[in-house]
Structures are given as C-alpha cells and as structure tokens.
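In the two assemblies presented below, subunit A is common to both, partnered first by subunit B and then by subunit C.
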Partner chain A sequence: MARLTNRRIRWWRGAVGLIAGLYFLVPLACSVLFTVDVPGQGFTLSSYTGILSASGFTSSLLLTLELAAATIVLVLGLLVPALLAARLGAPRLRPLLEVVCSLPLVVPSVALVAGYSGVLRWGPQYLSRTPLFQTFVAVQNASFPVVLVLAYTVMSLPLAYRALDAGLRAVDVRTLMEAARSCGASPVRAVFQAVLPNLRGALMNASFLTLALVLGEYTVGALLGFRPFAVWIVGIGGSQAQLSVAVSVLSLLLTWALLLVFAAAGRSRTRIPRRARAKAAPALVPQESAS
Partner chain B sequence: MTNVATSADTGVLRGQAPELPRGRAIRSRLGGGLAVAPLLLFMAMAFGLPAIAIGTGAFTTSADAPGGVHWTLSNMTTSVHGAYLTALWGSVKLSALSALLATVLGLPLAQAVVTSNSRALRDAVMSASGVLANFGGVPLAFAFVATLGNAGVLTAHLGLAAKGWSLYSFWGLVVVYLYFLLPLMVLTIAPALEGLRAGWREAARNNGATTWQYWLHVALPVLAPSLLGGYVLLFGSAFAAYATAAAMVGSSVPLLTSQIADALSGNVLVGQGNVALALSIDMVVVAGAVMAVYVPLQRRSARWLA
Partner chain C sequence: MTVEFRSLHKSFGATKALDGLDLTAHQGELLALLGPSGCGKTTALRMLAGFEHPDSGQVLVDGEDISEVPAHRRDAGMVFQSYSLFPHLTAADNVAFGLRMRKVGAAERRARAAELLELVGLPQHADRYPHQMSGGQQQRVALARALALRPKVLLLDEPLSALDAKVRVQLREEIRRLQQELAITTVFVTHDQEEALSTADRVAVMRDGRLEQCASPAELYDTPSTAFVAEFVGTMNRLPGRATGDGTVEVLGQRLPVRGAADTSGAVDVLVRPEAVDATADEDGSARVTATAFHGAVTRLTVTLADGTTVKADIPSHRASDLAAGAAATVTLPERPVLIEAHAA
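Presenting the complex of A and B:
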C-alpha cells in the first residue's frame, strides 16, 4: 500500500514538474530559436554579435548600471544604520520603521511616477525664480538622472527592508555588539568588524533585489522620459525584433547568473542554518517591482 | 542588621544606578534618532512630496483648465466613468482571473518542489522563481512575442493564428502574467507548505483518511490564510503591472495602468491633465485594500510556521 502511494506520488510529482517545466522553458527556447533562425537568412548568430554595436546599447546599459550602483549605496546607507539602531538602542522605532518601509507597497510604480511628474511640474510653475529651480533642473540631468535614483530607492525599500530584517532576525546583534565592545572595540569598529560581516548574506540579498529591480525597471524611466536599459529594449523592439529578443534572453540569463553569484558570495563565509534561510526566502517576494 | 546593610547597599546603588543608564539611554536614544533620521527625511522628500502632489493634484483643476486652478471633484468623477471605468474593470478582471489561476496551479507546483528529494533542484527552482517573479517586465514580454506573437515560433509551427489565437488579447495577457505570477505564488506558499507537519498526515491516515480527505479537511484549512494572502498579493502584483502589457500589447487591451501612462504623456483632453493623478488615487485605494487584507492574513498564517 505504502509503496503504491509512493509510486503514485512520484508519478504525480513528475507530471506536475513536466508541465511546469514545459511552460517555463518553452518560451525561453523559442526565444533563442527566434533569434538564431531568421526567416530568409537561415541559421545566423548576427543578432547576438550585433548587440554590442547597436546604437544606444552601451550608453543605456552603463546608465542603468550606474543608477543601480547609486541606488544600492543609497538603500543600504539609509537602511542599515536605521535598522541597527532600532535593534540596539531604540526598539520603539521598529514599528515605525516597518510602516515607513512598507508604505511604498501601497503606491504602485505607475502612481508613484504620476506623483513625481506632479512634483517636477512644480519647478517651472512656482519656483522658477528661486534657487530651488536649479535643483529641479539638476535632478533631471539626462546623463545621470538623480530623480530616477530617488524613485528606485523608494521602490526597493520594502524589498531591501524585508531582506535585511530577515537577516537581522537570524543574528543576535546585541550580543555580538557587546562581545566586540568588551574585547575593547570602538562602536564603529564593532559594527564594521563584528556585526556587518555576520549580515553578509542579508546585505547581498538586499543588494541583489535592488539590482534586479533597477535592471528591469521600465515604468518610471519611460514615463519620465529617460532611456535606461529596459526602455532602450522596447525602443529597438519595433525595428529590430530579433535583436530585442536576443537582449531580453541575455539579460534574463545574466540576472539569474548574478543571483547565483550574490547567493554564493553571501553564503561563503557564514553558513546560514536551513531554518533561517527558509524564513529569509519570502524576502525574495516582490510586490510589483519590474512587471 | 543584615537587612539594614542590604537596604543601605541598594540605597547606594539606587543613588548611582540611574545615573549611568540614564546617560547611556539618552545617548543611545540620541544615536538611534540620528541613525533613523536620514531614512525618515529621505522618505518625507522622495515619497511624501509625490504623495502630496497626487493628493492635491487629484482634487484641483489642471493649470491649463478654463478658470484657472481651483478645488474640484470632477477629476475623481471622470476617473470612474466612461473609458476609464472600462479600463479599471479590465484591470480588475485580468488581475482577479490570472491571480486565481496562478493560485490554483501554483499550489501543486509548490508542493512538488517542496517535497522533492533533490536539494539542488529545489534551490534552483526557488532562485529561478526569485528571478522570474522580480525581473518579469520587458524581457518577459519579448520572450512571449517571440514564442506566441504574430510571427512567433509556436504560432508559425502550430498554425495557431488560423485557430483564432492572438497574444495581443485578454487571454494572451493572462498566459503571460502567469509566467511571473506562478513563481511568485511558489515563493509565497512554499514556507507554509514546509510548515505542514508529517505527523498530521500520518494521524489522518491512521484514522483512515484518504489523501483527498487529508487535503480537504486538514491541509487546505491550515493553508487557507496563506493561500488567500498569496492570492491577494498576486492580485496586487498583477494589478500594478505595467511594463509587460505596455511592451506587448500597447493599449489594445484597456488597463488602468496604461490609461495613467497615456494621461501622463499628455494624451488627454485640454484641462484634464490631472485625471492621471485621480486615476493614481484609484490605484492607491485598490493597492491599500490589498495590503489591508494581506497583512493580517500573513500574520495569521505565520502562526502555523512557528
């Protein structure tokens, strides 16, 4: 009886896996086929070799990577001190932080961008004679639009907050801090040499989620009139279908590879117990992010 | 005597003790405040200001409207009438249906992944789910255009166009949305499935329950808050999605997000510029309702995972 049930379960599990595998792999396989089998030309790799020379590819990719780096620095710079302080000295701030960091979930990115364009319109409308106007011009500089960094930071706060919070929950920060202090370390040294190395996995996880969000972000960039990577892909999609699909496939695979690298980097020094990792997994759940 | 000594000692301690903690408490509270302040300031500026812009803009006329800027409810009224109402309904229908499908199909998939014997397979599927659920958007749209679009590989080889298939339709969008909603469901429900104890299944079997009865009377009731919470989360995620639909179908399927984008790009009647902000309020209301349902359910389901 038990063996019969086991066999039935194995059969059932295989069927589910097969169907899901087909659904998830067929579009990827077809995309690859679509890019190498061009009608009228037969088998060709030209859509992949043509990527680097396509106009706008390098500039938009570089812009997106710069934006991603700035966003990661800003997100971690704002969140890590606040979360550590809430753990160490001011536990009453924790509910406040949770609410503040979850607020962006209530405002979908399309609504957020509507708000941003509203604020940006205040510049010419009301402030054109004040020094503040120069700030409005500067944040919209097309070569490095600071306004996008601000929007991306707001959008990735909920994700990064959950990733860091899950990491902090698995580590006893207070004891670590006290141990380091009683060994004679200054508070700053204790944070940098005892606490942060133990949060490596969580920091990596938060950085990856932010990176993935910025790499795939389309809505804010497109509607504010900038040209980050995703907007560029849509732009060339109309004229060079093969090229845009090739870039899409590559960027999906690249993100996956990055995730594995980040996960390995976070795991190599501190082995997170399975239980804690299972709890940390929901941090990967986005709200609406890039889609 | 000893009593006196003790009380004197504590008296001394009482005299000194508050001194040190109070100084440290003030310093650490100050430090805590200083560490939290940049985050709060940033949010006030980068989130508060846009929120104020939405809130005031939605209830005032646009600058180019006849009669200048004044308070009004007409933007809000416009935002739930005519084409905008159709778009709102279209968004709700698409999100509700694709979230339902993703919930129903995601549960067996997550169960298959969670109970799999291979650790490597489980890790690979979970990390792939993280990528697909987060990254979605534009690359996803192009992958499906290449597969099932008008010139797509499957469309051409299976002759789907002749059978009336079109990717650029309501059902086309449902198929595409499942591609990021299913992984999201797997990520959301997997911890709850891991929380199902083997003992419950054994107890049910010892009492003579079949697999069906076990699922119907034991597992599903325990999972219900997680499933419902997951459904609501997926609904919100699908409702807020814009990039996929924009890159794929343009505006051939009316959705609230594309209406907002259109209105923001100046694609509205003169004087109706602020309708975009009123539509944003509609979205915020729906997203707020989603979170109001999701958070309590999440708390409730967390009880079983402890």
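Presenting the complex of A and C:
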C-alpha cells in the first residue's frame, strides 16, 4: 500500500515536472530556433554575431549594468541599516517596515512612472530660479539617469526585503552583536565583522534579485524616454526581429550566469579553511619522502 | 576585582526587572545569581556587561562607576545562554576575535588562541566551524573567547542551560576549575539551584528584582533567612504549627525555638528539611507512611499526618525496612531552632 502511494506520488511528480519543463523550455527552444533558422538562409549564427556590431548594444547593456550596480548599492544601503536597527532597537517597527517595503508590489510601475514624469515636468517649471533646477536636470542626464536608479530602488524594495529578512531570521543578530561587543568591538565594527559576514547569502540573494529586476525592467525606462537594455531590445525588435530575440536569449544566459556566480559566492562559506589546507599540504611531504 | 551593584532599578514598561538590588562580588570569587525566571538576575548581569542601562543606581567595578562606559570598553568577558559563536569563523578565529579588535598581531593572536583552546581542552578543534561542533564544545570555545582578553570579570549567563545533563555537570566543574586557576571574579547567572550550590563561593538568591539572601551554599541551605530561600533551595516541608509569640513554636506535639521572627504568634507554617525529620515505626502512631523511595544511603519516606499534611522524611536506609508503605509511624523533629512563616491569610 505504501509502495503504491509512493509510486503514485512519483508519477505525479514526473507529470508536473514535464508540464512545467515544457512550459518553460518550448518557448525557449522556439526562440533559439527562430534566431538560428532564418528563412531562405538555413542554419546560421549571423544574428548572434551581429549583436556586438549592432548600434547601441554595448552602450545600453553597460548603462543597465551601471544602473543595476547603483541600485544594488542604494537598496542595500537603505535596507540593511533599517532592518538591523529594527531588529536591535525597535522590534515593534518591523511590521511597519514590512508594509512599507511591500507597498511597491501594489503600485503598478505604470502608475509609478506616471508620478515620476509628473514631478519631473512640474519641478523645473516651479524651481527654475532655484539651485534645485540643476538637480532636476542632473537626475535626468541620459548618460546616467539617476531618476531610474531611484525608481528601480523603490521597485526592488519588496524583493530585497524578503531576501534580507529571510537571512536575518536565520541568525541571532542580537546575540552576535552582544558577543562581538563583549569582545571589544564597537557597534559599527560589530556589524561589519560579526553580523554582515553571516548575512552574506542574504546580501547576495537581495543583490541578485535587484540585478534581475533592473536587467528586465522596461516600463519605467521606456516611458521616461531612456534607453536601458530592455528598451533597446524592444526597439531593435521592430527592425531586426531575429537580432532582438537573439539578444533576449543571450541576456537570459547572462542572467543565469550571474545567478550562478552570486550563488557560488554566497555559498563559499563552507570552503575548507585556509589554515587547514596549509596544514594539510606540508603533512603530505614527509609521507612522500618516506615512500 | 570587586563588583558592586548599588540600589539598581530597572523597569521594562510595566514590569520591574530590578527593584533596588544591592550586591557585591569580591575579588576572585564565583558569585552565582540564582532565582526563578523573571527575578532580574539576567538583567543585573547584562547591566554589568553594559547591554542594559539602570534607571537608577550604580554598577561599580573596583569602586569606579562604570554605568557610562560602553559595553566594548568594559573589561568583561561574557558567555551567553544561546550558542553565540560567530558562525563564519573557526574556533580559533572566534577565540582570537577580541584580539583582532584590539589590533593584536596575527602571530600572537594565533598563539593565544591555541593556548586558550588548550585551556578549555579543545586544542584539536581549532579549525572547526561552530556548526561542526557539539553544544558543549561550542560553549567551551565561547568560554575561551570570553577569557581571551584577560578580562577583569567573567560573566556567565546560564551558559549550561542548553546542554544535556552529563555535559552540563562536566562543564560546570571545568568552569569552576578554570575560575579558581585564573582567580577571576565571576558572576554566574542560573536558575538551577544545584548548579549554583555546587559551583559558587557564594549564592545570591533573587526574587522580584531584589536580593533575598546572599551567603555561602552551606549557609544558604542550613540557615535560610526567608521562607522563599528555604523553599527555592533544596526541598522543604511545611508543617502546621502554632507560634506562641515568645520565641517558640508548637509543632507535632513538640515545642521548638524559632529562628528569626520571634514575635510572631498564631497559626504558622514550620519549615523543615526532609533530612531533619525523623520517622520511627510505631503501632500507636497517628501518621502513616504512604510512599517510599530508595536513594541509596537514605530512603525518602512520604508520610501523611493525622490532619492530612504530607511530610517528606529522609531516614537511613537500614532503618527503613520496617517503614514500608502503609505502616503506622511517629514523626519527630530534632531540638533545633526552626524557620517559620505566618499564614498569609
């Protein structure tokens, strides 16, 4: 009987795995097929080789990566101190923090960008004779639009919050802080030397989610008139369909590669301690000489 | 190094954690803070460590008020109740953490860490991470870490409560050995009276944020100054008696001198330890043995008196053979001063 239910469960697992796999893999396979099988030319990799020479590819990808880096720094810079402070000093503020960080989930990015463009239009008009006018100009600088960093930061708050909160739940922040302080560490050093190293996985997760969001974000960038990577892909899709899909496939691979890098970096805590390795190495020498 | 608490007060919202605590730990002594949960013992320790601030009162170390000194500048090593080792560091790096904070060179750090791990009996575990060690080993490393900076005071916040019984006994003996070897003033918070009595030089029994009694384990056990201490430390019988008001009390048909509150009169409870109660087999006795438990040298009898009161009596096992369950008996007390408590009602 037990074996029977077991087998039935396995069967379902297989079915679910198959359906989910098809759901994800079929579109992917079609995309790849579309890019390499050009009608009239047969199998060709020209759309992939054409990417590098396509105008705007490098600049838009670099812009997006820069924006992503700035967003990650800003999000972590905001959230980590806030979450630590809430955990250590004001546990009753935690629900508030959670609600605030989840708010962007219920505000569609179209509504968000409508608000942004309203402010960007209104601001210069009313502040034209104040130094703030220059600020408004600067945040919209097309070579590095700070306003996008601000928007992305808001949008990635819910994701980063979940990732960091999960990490904080796994460690006893208060005890770690107190242990470090009783060992003579100032509060700031205690955070950097005792708490943050143990949040490495969570920090990596939060960073990765933010990166993934920024790489794929289209609405805000397009509506505010900038050309980050996703906007460039859509733009080029109008003229060179194969190329744009090839870029999508490539960016998917890029995202996966980055995910693996981040995951590996987050996991490397289980590495063999340096000193143990150093000790193990000389131990081999006498053995070899003995034999 | 002398540590002194002077009329410490601390409230958390509506709850009073400390309500005027006065207590002194002398140079080189192991002082245990004992009490039920919520009595303020941990709060007092955390104030000494610098993690809590008193609402009023002072914490003095060698006569100097350290209330305003931040936690990381106090010379106090602490071992926590929960496992508090840094998970990302090996045992040796954990022990050396404080030295790194003090900018001690790498070679010296390593030497000192090795020396301390040797001291707590874990020299071969230097390269293990906390998750690769048992609870007892982790607390040993935590102890080594607390001692690494040669602190003036060692603070132990129920360091054994998460361990299983056998390891607990082993480790508490080891803590005692180390403490005596280093002659370091130590404050040890615990809710386990056996732990406190067996390791400490003096035990401070706390209740509701105040000190009930602070004395050596033997004194605490033999001559508790209050009924609370008497019942919290060891087992205590409560026998109905009648105080005469002239310093004696009538109990079990005997008249015994009263220790302490001599002017009490009327119905009281007389507090007697099981080993002070004697029971003899007696056909005409009004008491009846209801249960026996063999403890080796002594046998603990549960005796029900004529009025229904239950008394526990420890008598030598060789005399317990004719006192099986159901036997009639007479219960007597030795001619010694007893502690009494007036009925609350």
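We adopt the following convention: the second predicted complex is superposed on the first by the 258 of 291 C-alpha atoms of A that agree within 3 Å, B and C clash if a C-alpha of one lies under 4 Å from a C-alpha of the other, contacts with A are read in each partner's own complex, and residues count from 1 in each chain.
As a working rule, a contact is a pair of C-beta atoms (placed from the backbone, for glycine too) under 8 Å apart; a residue touches a chain by one contact, two chains touch by 3 or more.
Computed from a predicted model, the values in this text were never measured in an experiment.
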{"item": "Partner chain in contact with A:Leu78 - subunit B first, subunit C second, else both or neither", "value": "first"}
{"item": "Subunit B versus subunit C as contact partner of A:Thr175, first or second or both or neither", "value": "second"}
{"item": "Partner chain in contact with A:Leu45 - subunit B first, subunit C second, else both or neither", "value": "neither"}
{"item": "Chain touching more of subunit A, residue-wise (subunit B, subunit C)", "value": "B"}
{"item": "First, second, both or neither for A:Gly184, with subunit B first and subunit C second", "value": "second"}
{"item": "First, second, both or neither for A:Ala194, with subunit B first and subunit C second", "value": "second"}
{"item": "Set of subunit A residues, in rising order, touched by both subunit B and subunit C", "value": "279"}
{"item": "Of all residues in subunit C, those that touch subunit A in their complex", "value": "49-51, 70-74, 76-78, 80, 82, 84-88, 90, 92, 97-98, 100-102, 126-127, 129, 142, 145-146, 148-149, 155"}
{"item": "Of subunit A, residues touching subunit C in the complex", "value": "171-172, 175-176, 178-187, 189-190, 193-194, 197-198, 200, 269, 273, 275-276, 279"}
{"item": "Residue numbers on subunit B that touch subunit A, as the complex places them", "value": "28-29, 31-36, 38-40, 42-43, 45-47, 49-51, 53-54, 57, 63, 108-109, 111-112, 115-116, 126-140, 142-148, 151-154, 178-180, 182, 184, 187-188, 190-191, 194, 211, 233, 236-237, 239-244, 246-247, 257, 260-261, 264-265, 276-277, 279-281, 283-284, 287-288, 291"}
{"item": "In the complex, subunit A residues that touch subunit B", "value": "5, 9, 12-13, 16-17, 20, 23-24, 26-28, 30-31, 33-35, 39, 74, 77-79, 81-82, 84-86, 88-90, 93, 96-97, 100, 102-119, 122, 125, 150-151, 153-154, 157, 209, 212-213, 215-219, 222-223, 230, 233-234, 237, 241, 244-245, 247-249, 251-252, 255-256, 259-260, 263, 278-279, 281-282, 284-291"}
